[in-house]
Amino acid sequence: MKKIKGLHAPHCKNTAEMVPVAIPTPAVVTLPMKMHAGKPAIPVVKVGDQVKVGQLVGEADGRISAPVHSSVSGTVKSIDEIDGLIGEKRKSIVIASDGEQAVYEGLTPPIVTNLEEFLDAVHASGVVGLGGAGYPTAHKLTVKESVQLDYIIINGAECEPYITSDTRAMVDDADNVFEGALLLKEYLKPKKIVIGIENNKPEAIKEMRERMATVDGMEVCELPARYPQGERKVLVYNVTGRIVPEGGRLTDVGCIVINCTTVAVFAHYIKTGMPLVSRVVTVDGSAVNTPKNVIAPLGTPIGELFDFCGGLKDDVKKIIMGGPMMGAAVPNTDLPVLKITNAILAISEKDVEASKPTACIKCGRCTAKCPMRLMPSHIEDAFELKNIDLLKKYKVNMCAECSCCAFLCPARRPLSQVMVLSKKMLWEAK
Amino acid sequence: MNPVTVSYAPHIHNHASTSHIMRDVLIALSPALAGSVLIFGMRAAVVIFMCVASAVVFEWGYQKIMKKQETISDLSACVTGLLLAFNLPVDIPLWQAVFGSGVAIILVKQFFGGIGKNFANPALTARVVMLISFPTAMSTWAEVPNAVSSATPLELVQTGALQYMPSNLDLFLGLHGGSLGETSELALIIGGVYLIARRVITWHIPVSFIGTVYILTAILGEQPTVQLLAGGLFIGAIFMATDYPTSPQTNSGRLIFGLGCGLLTVIIRVWGNYPEGVSFAILFMNCIVPFINKLTMHHALGGKKA
Amino acid sequence: MDFSSLIIIMMSAVLVNNFVLIQFLGICPFLGVSKKLDSAIGMGLAVLFVMMIASAATWPIYALLLAPNGLGYLQTIVFIVIIAALVQLVEITMKRFMPALYKNLGIFLPLMTTNCAVFAATLLNVSAQYNYAEAMTNAFGAGAGFLLAMVIFAGIREHTENADPPACIKGLPLALFSVAILAMAFMGFGGVVENLFG
Amino acid sequence: MDNIILFAVTSVTVIGAVCAAMLCIASKAMAVKVDERIAKIEAALPGSNCGACGFPGCGGYADALVNLPGTKPNLCPPGGAAVAEQIGEIMGTKAEALERTVAVVRCLGDRDALQKKMDYTGIPTCYAAKEMFSGEGACAFGCLGYGDCLLACPNEAIHLHNGLARVIPSLCISCGLCVKACPNHIISMEKESIATEVLCNNIEKGAVVRKKCGFGCIACRKCAKECPADAIAVEDNLAVIDHDKCTACGHCAEICITHSIQKMALKQ
Amino acid sequence: MSRYAILIKGIAKENPVFVLALGLCPALAVSSLVSNALGMGLATTLVLIGTNTVISILRNVIPDKVRIPCYIVLIAGLVSIVQMLVQAFVYPLYLALGIFLPLITVNCIVFARAELFAKKNKPFDSIIDAIGTGLGFTAALVAIATVREVLGHGSWFGIPIPGLAENSISLFSMAPGGFIAFGLIIAVISKISKGRAAKLKESGCASCPSCAACGKGGAE
């Protein structure tokens, strides 16, 4: 089997050795009701209510949704619409912190004895795919009876440059990751649990190997440190050799891919009853004075994280939530830390690549390196002609949005944006 | 804080750019450049300079007049001019060389929208235009020191004057009549290896093109080694057929493309009126690239049949 | 009858003396209907088909009726009438019995009457003094050459569809330059047919 | 000589007659019924295939008129009343009068008026910028300024001025393609008789709007209070004019503090 | 419309070749030499005058339904006559034009004028229109031929031009050069007329007036 090789992106894992430090409690947190894929949560508090850390403030709307818990103790200031990651409006609960960080009294570890209770517990923990996708984990783990589950792949690849929050989870929180894996093994009964880690994280591999070696049917799979090893379909293909069909789910080929931090979070919840209220965020980039890994309550404005890391340099020109390959650039530092925010980056003016796109020279690099074997330059042509039939033919709907094409393009065509807009266009045409 | 930049991911790029690619091509062509000056003397340098300079001037002038974005800094005009010069005999009248550059840059490239939008290779089309326009000048070859006849080896093959045929080593080193840059296979292969090593081109087109010519001529009993080393096969296969916009984008397509080029080259060389078929072969294949692209479309990983 | 001479007639009509690219026949539909590959194929097939039946009908009339009676000068008027009638007949028949085919090809049929490629093919058959088999081969070759040029050209046009030429080049001039390059590519075949099959 | 001429004439005549007879018989025998009204209507339509009628091209509309009962004859905005009347004649129905409509860009926030919140680098179209925090301007409801409408316009009736799309009313052919092209939905088709219009779409609170744009409607309700015909209401922090009640006095445009209500002169 | 306007319209504003892009086949095929181009243009003009006159005279006689076949027969007949005239009086031209002489029959211009003008106008106006259109066609052919002969042969009307004759670019005397020369001229014209020509006529027969006559108004 020929593995998907991917491409060399700079690693820039500057913060890999840095143990996360907690930032001081922010004065105000903003908790969007939609920090995940699926339906937004429904607020269950009113303006003026007193809330404590871990208290439920947003109730999940069905199974393809996730509950939201308060990350601070304080008073609900307002429930308003604020900008989301691409500028869309999202209903959010704004809580003014009292600085006490009093823990909600009602938190007790859930009783987990069977699969159903396990899934309920995962759901109640508010955990979603923390690698960036934000898909509600409980629903991901709900597999049909008919599915023969062969593999659960724990995604510790963390192939994006800069980001080290997963690395730190596998090192500092190794016990929780391992316990989560054991829970998965116990209740979902896959034939095998594999944790895939890129070989540029020797410490994480060591920690995981030590623990995994003690259990049958668990192993660590070392991956080459090439982007995008952590893309779920790529991971499934490279680990198992199975190809996920178009429009299908991973479970169609007997696989589940789950982020390692996600695993640690629900393991922690089942042990202690504390839901997802804070997370490790890598703060890095050339315009950050002292890059760090920080533990931040959800909803903290990202500006406070930058301030905690020595503030921003004057020549900051770009602020990115997420990694440099797939993250979203945002216009200001008011946006809150979301469940899926694994990194925030600030880039100096000199490092922002302002070069204008030039004409496509049809070199075929995007086509050669697309992990999904799509033809981005053709898709761009079809997009410019607004030709829906061609877009369908070129399977733009299968694009994983890994941005490999745009990264490689010598003409700096905005290919990844084309992909996303083409998908939207296709979806609108239906 | 000043307004920050917002753009879509990715926020980093690798360092390749069009001008880097063109620079690599120029570097890869430099051994052949040195070779042509060594073999044909200073006049070769003059022709090359005229072609490159006029190509750049045409591109610059056109973009100024049409108020288009200036693209001479991407070096593609230099590459076109250099490749065109390599396809001309050393004694070509200079105005004809300039005319050729004009055809390449303006008619074939800019009229179709500039770099990347042309469907036919500019240098090659210009060569064909000149071949049709100036049949005498384009097939008058200067004496080369050490060579027995000024005719190109392929003309010798066509006319049956095989007693004048240079040795295979001379053919390989380029010590025989022919266009400026095409004679020295050694220099061209060095350039080709450099391009493949720098991943500017893949091996598919050169190998399938040259391989097809070799195998077919061997089958037809037409002196495969001479067919390989004489004429413009190597410059065509390594530098012309691999031109990005005018060749297929997938590796399987590139194999088919090379195969077709090889086949047509042999047909024209063996049976056609022209002694040299590489240019016509590549030009014809350029025209059917859209179909090769259609035929060799990638099948998406796990994609359903449409 | 010499089989190789038939092949020469056909191949040279396809490649060397291509109707559109070298002989300038049928330029209007060639430029007009080549924007989309599908319609180019339809048009090309329609030309091929009409050329065949037109040659099949006109050659005997010329050889059996006009030439023996010294009425060669009537060929222009007689041929065009026959072609016009045939095209109409084919259209009506197709509409009635092959509606699916009519949908694809039928719209191109009315253009055939004034298509100089079709008319020229019938005239050339006569002026070259071909026999019936040769005439039919020539018609097939000419039609196939038209189809080939049409299809390749449509491919090029789809390829250059989002090329960004200056306003005054857009459309017809750009198409003409593309044809010129295509025609040059075809010129490389000069001599091939005679030497290969002769 | 006579003989030859006679023979020539006879043969041409015979060939012609045979052909004609053949065609006559064929067309009779194999006639396929086509409603000739379709062809007639198609001839009457402008033939620009703009799709504003909601059918695929002029042919589609003609077909629908004949074969889909209930299709209105006045759906062709470029053709206007004249075409509607013609269609009505062909179909044997009476056409309703159709007042000409003109595209109106409901935004006044050009680069000078609108605060900038960021630099956008990416695909320079409104469609793309909409997905990236609604473009460079601070207001997420206004003109994005990349000219998607301009490209959609078949008659070059729209141009960009200082980052704001503007319609030249006399060139507008009422096809409505710009309305569909605008991702922020700030272009609407208005009857050409309207006297004033609120050229703002921002539904944020007045104070917020005031910070972002010099021409935004701040929902001060002055126009609603002073309108003599009571034709203006403020909904969702935005003034809305009811053109049925409007008496075209123009008072609202004169008193509007931020000048977001403007007088309109759309007639040709 | 004044008669002068009718005459001028055909030559300039509605030039059949450059603006309406009709009759491209002869315009490209017989334009390698100015003399051939002139001969072809005049022959076509003759046919145009003939058809326009006859059709205009008979415009109330020819039944509308079968007018197309009638035109075809009429044009073909006139072409045959012109063909014989050329053969008899200008034999070299007859040889040079070859098959393109009978092909005047299917020249869209002739159809277009019959259908669009002669059918609706008085004979005298029709003749003027035919002369105008014919001259426009001739002028276009001569223009293309001038470019092609000067560049391709280094001569004009057979007269060698010093300096060019020995440095000719023979591409222009061949098929590809014909396309290029024509393309360049159209580009220049549409540049001068600010895109009017290009707008009127995207390409080919899609807007050929005789296509309207043939029922489908273009294939796309």
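By letter and in written order, the chains are A, B, C, D and E; residue numbering begins at 1 in each of them.
FYI, a residue touches a chain if its C-beta (ideal position, glycine included) is under 8 Å from a C-beta of that chain, and two chains touch if they have at least 3 such contacts.
All of these numbers come straight from a predicted model, not from anything done at the bench.
Number of steps on the shortest path from chain A to chain C, with steps defined by chain touch: 1. A count of contacting C-beta pairs for A-B and for B-D identifies A-B as the more extensively joined pair.
Centroid distances from chain E, each centroid being the mean of CA atoms, peak for A. Comparing the centres of all chains, each the average of its CA atoms, the largest separation from chain D belongs to B. Between chain A and chain E the centroid-to-centroid distance comes to 69 Å (mean Cα coordinates, whole Å). Computed from the mean C-alpha positions, the centre of chain D lies at a distance of 40 Å from the centre of chain E. If you average the CA atoms of chain B and of chain C, the two centres end up 34 Å from each other. Centre-to-centre spacing of chain A and chain D amounts to 44 Å, using the average Cα coordinate of each chain.
For chain E, residues that reach two or more other chains under the stated contact definition are 69, 73, 174, 176, 180.
Listed for chain B are residues 3-8, 107, 113-114, 117, 129, 132, each touching two or more other chains. Within chain A, residues 330-332, 354, 414, 417, 420 each touch two or more of the remaining chains. Within the complex formed with chain B, the residues of chain A that make contact are 7-10, 161, 233, 237, 243-248, 312, 316-320, 322, 324-333, 345, 347, 352-355, 358-365, 367-368, 370-375, 377-378, 392-395, 398, 401, 403, 406-412, 414, 416-417, 420. Of all residues in chain B, only 93, 95, 99, 107, 129, 132-135 touch chain E in the complex they form.
The touching residues of chain C, when paired with chain D in their complex, are 61, 65-66, 69-71, 74, 77-78, 81-82, 84-85, 88-89, 92-93, 95-97. Of all the residues in chain B, the ones that touch chain A in their complex are 1-14, 16-18, 20-21, 71, 74, 113-117, 244-245, 248-251, 293, 297-304, 306. Those residues of chain D lying in contact with chain A across their complex are 117-118, 121-123, 127-128, 131-134, 140.
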